[in-house]
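Multiple structures are listed underneath, in structure tokens.
Across the two complexes that follow, chain A remains constant while its partner is chain B and subsequently chain C.
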Partner chain A sequence: MYRALKTRLGAGSGAGGEQRPGWRPPADLIPVAAVLLAFMAGAGLIALAGVSPLRAYANLLLGAFGSRNAIAETLVKTTPLLLAGLGTAVAFRGRIVNIGAEGQILMGAVGATYVGLYMGQLTPVAGILLAITTGFVLGALWVGIAAALKLRFGASELITTLMLNYIAIELVGFLIAGPWKDPKAFNPFTALIAPAVRLPVLMSGTRLHAGIILALLATAVLSYVLRHTVYGFQLGVVGANPKAASYSGIHNSRVILGTMLLSGGLAGLAGVSELAGLHYRLLGGLSAGYGYTAIAIALLGRGKPFGVLAAAFLFAALTVGGDGMQQSSAVPVQVVMIIEGLLLLFVLGSEVFRARRKLADSKREGA
Partner chain B sequence: MDWSRVMTLTFLVNVLAASFRQATPLILAAIGETFAERAGVFNLGLEGIMLLGGLVGFAAANAADNLWAGVAAAALAGALLGLMYAFFTVTLRADQIVAGFAMLIISSGGAIYFNRLLFPSRGGAQPQISPFAVVPVPLLHDIPFVGPVLFNHTLLTYLTLACVLLCGVVLYRTRFGLRVSAVGEYPKAADSAGVSVFFIRYACVVIGAAFAAVGGAYLSLVDLGFYVDTMVGGRGFIALALVVFGQWNPYAVLLGGLLFGAVEAIQQRFQILGSTIPAQFMIMLPYLLTIVMLLVGRKRRAPSALTVPYARE
Partner chain C sequence: MTPVMQLSGITKRFPGVIANDGIDFDLAEGEIHALLGENGAGKTTLMDIIYGLLRPDEGEIRVRGQLCHLRSPLDALARGIGMVHQHFMLVSTLTVAENIMLGQELTRGPFLAPREASRRIAQVSSQYGIDVHPSYEVSQLSVGEQQRVEILRLLYRGAEILILDEPTAVITPPEAESLFCTLASMRRLGKSVIFISHKLKEVMAISDRVTVLRRGKVVGTVRTGETDERQLAQMMVGRDVVLSVARSGEGQPPGAVVAELRGLQVQGDRGNLAVKGVDLALRAGEIVGVAGVDGNGQPELAESLAGLRRPCGGQMLIRGEDATKRDALQLAGCGLRYVPADRTARGAVPSLSVADNAVLKSHRERPYSRYGILNHPAIRRFAQQLVEDYDVRCPSVEAPAASLSGGNLQKLILGRETASRADILIVEHPTRGLDVSATEYVRRLLLSQADAGTAVLLISADLEEVLALSDRVAVMHDGRFVYEAPRESVDLGTLGLAMAGLEQARGRDCTEL
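Take a look at the complex of A and B:
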């Protein structure tokens, strides 16, 4: 116990025990070092572009937080990343690899578009609620295909959800070029949705819309559900040990099905929010890879709703700041993508490293 | 659509020949992944590794003015990525889904980033290279029907087909291949029998990533003659499904790849012939087929130690 406390405080604090020569960084600093390492590697890549990394990073910070509008944009980006990240994270908790958030986002947007185009004669509150419900249901149904194939045929949801992404992209492409195409426009997109179905703007002069409230609400509700309900407990058991779960009377397949539907529904909400809060019409690039970034966010957030919130905010800041950096210092924005991947890889590596060191420490203590 | 133009022998020959061309990158990636998975390591990053291979292959071929230099550079880049992935999954024993996904982002982000740096698009067209030419096999390509289908391809396609045979021999008939299976099925036993689980897994992951990168290079060096960010289009993920469909057997993987190639070839021809089916639904076909394949190909179980890291007690 004392040994554990000492490790926590760092090797330098407190005498006693077997003091080993040389300073060892405290275990909890290892993930911090991992984050720093990712940004240092990013600095190296930026230097390759012939730009001073310090200046580029300064521009990145300015781009993400430098003005009222920049902060609003960061929150605008946080919204879909958070919703889709929550969806992916809840699946991960049950050891379900739903990496089809991209397709589920699109299907959610399709649902909201349908309400906005064909059911516009509603009062604003009813219109928005109906769009949210429809989007949630369509996102859930889309992953429901993968869920059914998993439970009925044992098909790996990893592949099926991925393939459903490509199918959803083509489906949207068909809708916006065919039956739902705006007759007055040349480009493939739908007409604008009815005003009653649009999410209100929160900050005048910016694009910040009420989607962020929806996303934060979803975070809080999901956090409560996972920690304080029977379902949350069952999901935890199924994720930790499916065999033990079925011995203790939990219906594994029922929990898995429910979790996958919830997961897809949350991602669908991201699509609703993008459509009803930002674009007001269905178009091809509606989800700019948010569904894939959401996977990294869910992993980095360790599957915990508030962890996902923090990760989504960080990635949103990186994305918005990266755009600013591209404009002011001519560094291609994709460097952010590499940094995100390295962040994930190094944090993962550091956790393995830390867990192993703790194990070694406890073994030494036992000896 | 004019069905009389479809119901001809020429159409069939064209489709079958095109199947081989379309299948080559898929088969390359899937054969490599077969090695990695038989040794117990799953690589979700294939899609990104293919894209980076495509860029490196194109850039090197462009710089050296030699297509084979491009293939070699792509293989090397893939091997390095594989080494990195093996370090995290084999040495650090990190979760393969997470690490694989990180590899996916890093390598696809890397490809897009370095493409912007190497070939800034401001003003002027992107460079283009003259892709690999078709080399008909002397005599054999004159055989009716079989000739144009089998013996009228680029060298990379012949090499890929030869690789499938070679991989089959290596996996089933050599000591190395048997060790790979042992490591993927029961690493503990393999370890006590003196097989280095560490070495076998590193080797297979590196082989797998190098193959995938060459598959990506095929797209830029044969298919297109240039590089675009979207050229892989899910082929890396489809390759993962192919390995399951082929039940970790290289010959079955080859057949699955050809089936895919055929669907892709038919899809493209129907679009050109002006089919009344909307193009989007035709483009969906390979992805739908992937899902169907997963449902069919579940007779043999996966290697027991797939995605399970190995640690000595």
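Take a look at the complex of A and C:
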């Protein structure tokens, strides 16, 4: 009885309704129900702060989607989270824990900056394509260091990718204070990149730039690659069962190397997009911790590209809407961070129900 | 006399299936009661209910006449019911004594009392003739020794009823012998045992009574002395079974040598020399059986043949060409197929679908992929065909392979490996853990492969299987072939000696530790 109740809670609170024997809500509703529950728990916190949760959430929605500019800002935030989240997620598929997206974002931005500062005479399309390529390659090379250490010496990528973040941060600091410093400025940042290398603005009067198109394209391509290519198949096997992979003649280390490079490259694209679409110059704090949020987003998206898209969008809306909520209903912005944490807890926690259902299904089919 | 335990009308439904349907069962004091049934007959569900892991939808459990509701394994333990699972629940970094004490630590003030505990463990173990060293770390023990620790732990905690879930599926024949001795002494001391198995021979050898389950129902309970293997098999499967699939004497003469090993040497995982120079020729249409106790170099031999472990000495020739340095993919291209011992950790990926598992190796080839793009319809069609041809029972080819029973998963793997032309087929413990009908199916398949001209290397710890299927028999011991003979001239005495000699060598290894 207890178990039945819990299962219903986990899976069905969003759907409610009848409990005919044998009827069960589809498994895909489990994470949706978890998200709703997280917001309900967040409502309790907001109420504790002495504010009506309904009003606070209304303001949150308004802040994220209430105006043309709000929607644009939400999409602007979605872009780096999505790209870096895809990078982290593809690594998770192969059971690789790349927590160095932050550093790879910065290296991607460094690549785009180089193109923008020193190769500005290109035509716009060529300039942007070159910046994208350079950023991808630099992000890939950055994680490539960790990949080489892992494959050659068995060094844990969990540690090396994290450490490479700090190196990347200091490297950017060195570049913007030293060789690449804008001579005309007092503050440490580079000069503006050439217009040919900037991503075009999509909605006039807002900051929404073509980076979102790049990110959505990357989502679609990655989804196709994972599902429909030999590489995607092999990555799935390597991630699920490396022994079975080598038994099947799949070269584990090649797949792992390729996946790590792809992962770093995607995070590098986030850096390109931030630099060439938003800031137009390399400066400290360019990434604002996107690389770490990407880990949460990859987990929330369950490693699937379109799941990552939904998670990135949700986090972006929370961040943008949280500002609005703070301004209009005096809810501290930290509540938004708590809600983000609750989202992770509830969605990851709901895995239990999914796993239990799988077990029940396999028992049924096996018996 | 009231039975120690009595189940009446136990029913357990899972969505879409009745796993246990009105089961009556009783266990007397000092009895070894075997529970026999094919995979999926409901044995494990029933035991999970007795052990408090599942609650029955209907029916009641009485322990010593007292009605009880078991809500957890702790409840079960409190009533003297203990269970030894197939996968042991031991902490590998702790010692034997620590594992046994775990959860019931003997203390003096705030401190553990390891010496006191060791003494009590020694007392219990000598009482039941269970041979373990309390100070050894569990990670150093063999699987059979770990099992002894599990049993000892339950006895130490005062379990009166022990449930053993297919205890011999994971241990070697000599270890099984010593397990049976332990069970006999437990019976003498008034403990009751429920022995789950689908191996008829064992059930006949050790049990007092047998209850047979089929499709969630009790087919019958019989006294072991009043039945025989044939009757039990028939109860289990519901029809007559050919108990022994065997190689008929008048097969065609073997063909040309397809693969040859010359002085092959292979290293084991710990850097030791596991295969110490093996010469072997595999001929088309011939089955060579390699018998021997587990852990004498058989897995290393199989892996090196399959290209998963590079030999460190000697040569491997395929059709006269040197293939020593070829990897798994290249060897597969030479028509070599390998069915590994571990179905879920190596032979298949349980979390992927049946269809994906069907093309685990061939996904690179047309028509399953073209220019790196998968052709899902072709993959599905192939899987569908495989499932039909090899009688793999699965809900659909999209279902995860984890939902398949062991026998069906093995059929899927065998089907995948033999669907395209196989010149050399290496099979490792092909029927381990399978039920009677799946075993029969797999053995028939191996015979038909040989008849079709495949050179088959059968590695098995099941001596009967090796003798029944092989044209030539070899015994592997300490990395070498210590005995080789054509099947007609196998001398069981000599063969047995070759394997018994193994036991002495192992014993010496143990004392050196």
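Convention: the second predicted complex is superposed on the first by the 314 of 367 C-alpha atoms of A that agree within 3 Å, B and C clash if a C-alpha of one lies under 4 Å from a C-alpha of the other, contacts with A are read in each partner's own complex, and residues count from 1 in each chain.
Everything that follows uses one rule, which is that contacts are C-beta pairs under 8 Å (C-beta built on N, C-alpha and C of every residue); 3 or more make two chains touch, one makes a residue touch a chain.
Not measured: the values here are computed from a predicted model.
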item: Touching partner for A:F153 - first (chain B), second (chain C), both, neither; value: first
item: Chain B versus chain C as contact partner of A:H228, first or second or both or neither; value: second
item: Touch count on chain A, higher of chain B and chain C; value: B
item: Chain B versus chain C as contact partner of A:P332, first or second or both or neither; value: first
item: First (chain B), second (chain C), both or neither touched by A:L48; value: first
item: Touched partner set for A:A240, first chain B, second chain C, both or neither; value: second
item: Residues on chain A lying within both footprints (that of chain B and that of chain C); value: none
item: Touching residues on chain A, where the partner in the complex is chain C; value: 22, 24, 227-234, 236-237, 240-241, 243-244, 246-249, 358, 360-367
item: Interface residues, chain B side, partner chain A - complex; value: 44, 88, 92-95, 97-99, 101-106, 108-110, 112-113, 116-117, 233-234, 237-238, 240-241, 244, 278, 280-281, 283-284, 287-288, 290-291, 294-295, 298
item: Of chain A, residues touching chain B in the complex; value: 45, 48-49, 97, 99, 149, 153-156, 158-160, 162-164, 166-167, 170-171, 173-174, 177-178, 292, 295-296, 299, 332, 334-338, 340-342, 344-345, 348-349, 352-353
item: Contacting residues of chain C [partner chain A, same complex]; value: 14-17, 19, 39-40, 42, 45, 216, 306-308, 327-329, 332, 338, 340, 342, 345-352, 356, 360-361, 363-364, 369, 372-374, 376, 394-395, 399-400, 402-405
